[in-house]
Amino acid sequence: MRSQLTPAHAVSALLISLCAAVPYLASALDEPFYVIVFARIMVWAIAAISLNLIMGFGGMISFGHAVYLGIGGYAVGILAFHDITSAWIQLPVAMGLCAVVALVFGVICLRTRGIYFIMITLALAQMVFFLSVSAERYGSDDGLNILWRSEFGSGIIDLEDGAVMYYTIFAALLGCLLLQWRIVVSRFGMVLRASQSNDTRVQAVGIPTYRYRLAAFVIAGVMCGLAGFLQANLERFVSPDMMNWHRSGELILMTVLGGTATLFGPLVGAVVFLLLSEILSTITIHWHLVFGPFLILVVLFARGGVMGLLGSRAARD
Amino acid sequence: MTDGPRALHLEARGLHKRFGGLQAAADLSMRAQHGEIHAVIGPNGAGKTTLVHMLSGFLQPDSGSIVFGGDDITGLPAPGRVQRGLARSFQITSVFREFTVLENVVLPVQARQGHSFRFWRSAMRDPALTEPARVLLEKVGLGDRAATPAGHLAHGEQRQLEIAIALATHPSFLLLDEPMAGMGPEENRDLIDFLGGLKETHGMLLIEHDLDAVFALADRITVLVYGRAIASGRPDAIRQNSQVRAAYLGEAHV
Amino acid sequence: MDYVLLIEQLLNGFQLGIILFLMAAGLTLVFGIMDLVNLAHGSLFMIGAFVGGTLTLATGSLMLGAVLMVPAMFAIGVLVETIALRTLYRRSHLDQVLATFGLILFFNEATRLIWGPEGLAVPLPDFLEGTVALGAGITYPLYRVVIIVIGILVALGLYLLVARTRFGMLVRAGASNRVMAGALGVNIPVLFSLVFGIGAVLAGLAGLIITPITQAAIGMGEDVLILAFVVIVIGGIGSVRGAFVAALLTGIIDTMGRSFLDVILLLFLSPNAAESAGPALSSMLIYILMAGILFFRPQGLFPPRSATAAP
């Protein structure tokens, strides 16, 4: 019924194929640097997808979403610091911790709306940020080095192998895209999208929206925790900077750049944002001078982000 | 409708509500019978919409109680009231503008089928949701508009959709807040017929400015002035009531 | 713990509260009246420090620098409002967050370009050096006393402006009901520019005031901005009175927590546990306070009247 192909579909397919092929392309072009660049992009894309779920489809503008990157990352870092390197412990701890934190934060934030919601999510994330700064045992500002990446113990998934690390992230990205798609079109997604459009009306058809919004908030936190887990492993390093509020702003930015409430917008946005900063920063160290006004122009004139420009209709494309 | 709506009455008992210096409801009592259309009329600022908000659970009264089907529902949140069969429409059209017409009706159908913590299967490909929604759209005359985004509908069609959304929750009782607001005479007549046809199966509380429509439809009328019910009775009695004429109707209408 | 330290820390907390109030006052009015999420308010704090600092160094007098900074910050504020923010009022909060985030990046980088990455040190004039005896064996740095006095004077002036003047009446009307302010025949764009300009002056003043203690640095406004958010949320958006109470509350609780929480924790925990939990917990204290207040009063301590009125 709505399966007509748009340029947005083509770009999305192209990007996925590109992500799949990067390790080969990079070695063919003898530019191994691009493997790490795209691995980073994909990790950010996962985080942006998780934000898109609540912000794009649920209208909850969380300005503290990077906190789950930090929590997921520190779960790896701190456990590894104590010589617990099994992924089967680290991953559940990372995601479980994010679930608990998101639940607590969500209970507080979701009682409020609009500007309050934005500021409170920011403040609560800042609280965890300062907590990590004050944790002298775990490196305070300097962060923690991670000597061993998470061990899955099977021999098949050996993250110490760069290619395996890359394709693990790739697989996680595909999984998150798939999950996002199913959630958005499901009954749960109907409620979530409707409550963004008109929350009072949803309640007036007999659906208590608070619990659905809270559930979405927790799902997004857990998914972003997965991104944190991957980022810590990729960089072999965690620090408070992972949850600096600038990171939360950048997550919002990527999502909007790509196109909020579109399935592939966060991925597109992550690619555009990180490649653009990579390129601009090689031209001048003062690239923010251009980048700041660029953002304002995007907000003012390119409302649907890249996907919007490519003719994507929001939501299901 | 398989689970046939039960005969439930809606009662307000001594409702009070103040906003700062404004008395929106003062010792307001009324009883709306099942199988009847009970119209509430009154000048602007009489507290009609406040009454609907209180009855539907979007505002808590300062004191007094609301009884539906014999149960006190005063403390029950809005969604719980809908689940018991008390649905409402809105004065300002509040359809989901980005959703298609069909999606607008699927949501309330989904709401009556239990919780929505279902994360995988596509809602719009689930016949258990779309079939009843399509049947209902045919009934209100929007059958051929199912795939249109609700925001693209004409105003009159949006008002129809507004009522379809309320009906899709399978209510036994409907609270209709100015369903005819902004509609043309012809659309008005259609809607009057349609609402009249619902009387068999539904109780209705109707707030309406269009007095012709009110007198054509209502079995009972309550007149609100400054949050107080100054009269309640059969349309004829209301027409004759001198207090009502003085306070509200004015000589021109009689 | 001895009471001299206690009172000193209380004064320090009071002083932090004053700085926060100067930031929060402008911010809360902009939020309340214009419904605008302005992240770049922290940049105004930073710009105030750099511009005021430069004027101070050029004139050789902190007083003169501060006086000259006022029209400069007012002009910058009005300029930012007119060029960048005015188009955002009708936009979604998301657009506002993004655009003002872009402004922060721009201002940080522009500052780096103009003043260099090292920041700017502004010396304290001799006559403000030294301490004053407050009696009962308590001495306190003179400059910090001056900060507190200036803050109280500004708060008083702002109170008179908002409570007693026609301008203030319009501001209050705008904060609680924008439509009504429009109906009063107010020139809304001018009112907005004025409010924004005043907010910029207050933020700039706060930035300059602390520069002799901390020196001006890039991004210095951001931590203060987030604290100011906490203040506004606690106080209630749009309420200057709420901002004042919440700013002092936040400043004092934060400072006291950092100084005494580990001592208090010693009563319950082992020295080792208290020493590691103390800093962590004290850095979280005001956020816990905020969460607690919000849980019981989602609109803050002094919600604007419209928020509780009829829908």
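Quick notes
Going by the order they are written in, the chains are A, B and C; count residues from 1 in each one.
As a working rule, contacts are C-beta pairs under 8 Å (C-beta built on N, C-alpha and C of every residue); 3 or more make two chains touch, one makes a residue touch a chain.
In this text, all values refer to a predicted model and were calculated from it rather than measured experimentally.
Ranked by distance of CA centroids from subunit B, the top chain is C.
Averaging Cα coordinates per chain and for the whole protein, the chain whose average falls nearest the overall one is A.
With centres taken as mean Cα positions, subunit B sits 43 Å from subunit A. The mean-CA centres of subunit B and subunit C are about 48 angstrom from one another, to the nearest whole unit. One inter-chain figure worth recording: subunit A and subunit C are separated by 31 Å, centre to centre, where each centre is the mean of the chain's CA atoms.
Looking at subunit B, residues 58 sit in touch with two or more other chains.
Here subunit A touches subunit C in the complex through residues 55, 61, 63, 108, 111-112, 114-116, 118-120, 122-124, 126-127, 130-131, 133-137, 245, 249, 252-253, 256, 260, 286-289, 291-296, 298-300, 303, going by the rule given at the top. For subunit A in complex with subunit B, the residues that touch the partner chain are 1, 182-183, 185-191, 193-194, 197-198, 200-209, 212, 215, 314-315. Those residues of subunit C that touch subunit A in the shared complex are 31, 35, 37, 39, 84, 87-88, 91, 93-95, 97-99, 101-110, 112-113, 222, 226, 229-230, 232-233, 237, 276, 279-280, 283-284, 287-288, 290-291, 294-295, 298-299. For subunit B in complex with subunit A, the touching residues are 56, 58, 77-83, 87-88, 90, 94-99, 103, 106-108, 110-112, 116-124, 126, 129, 147, 165-166, 168-169.
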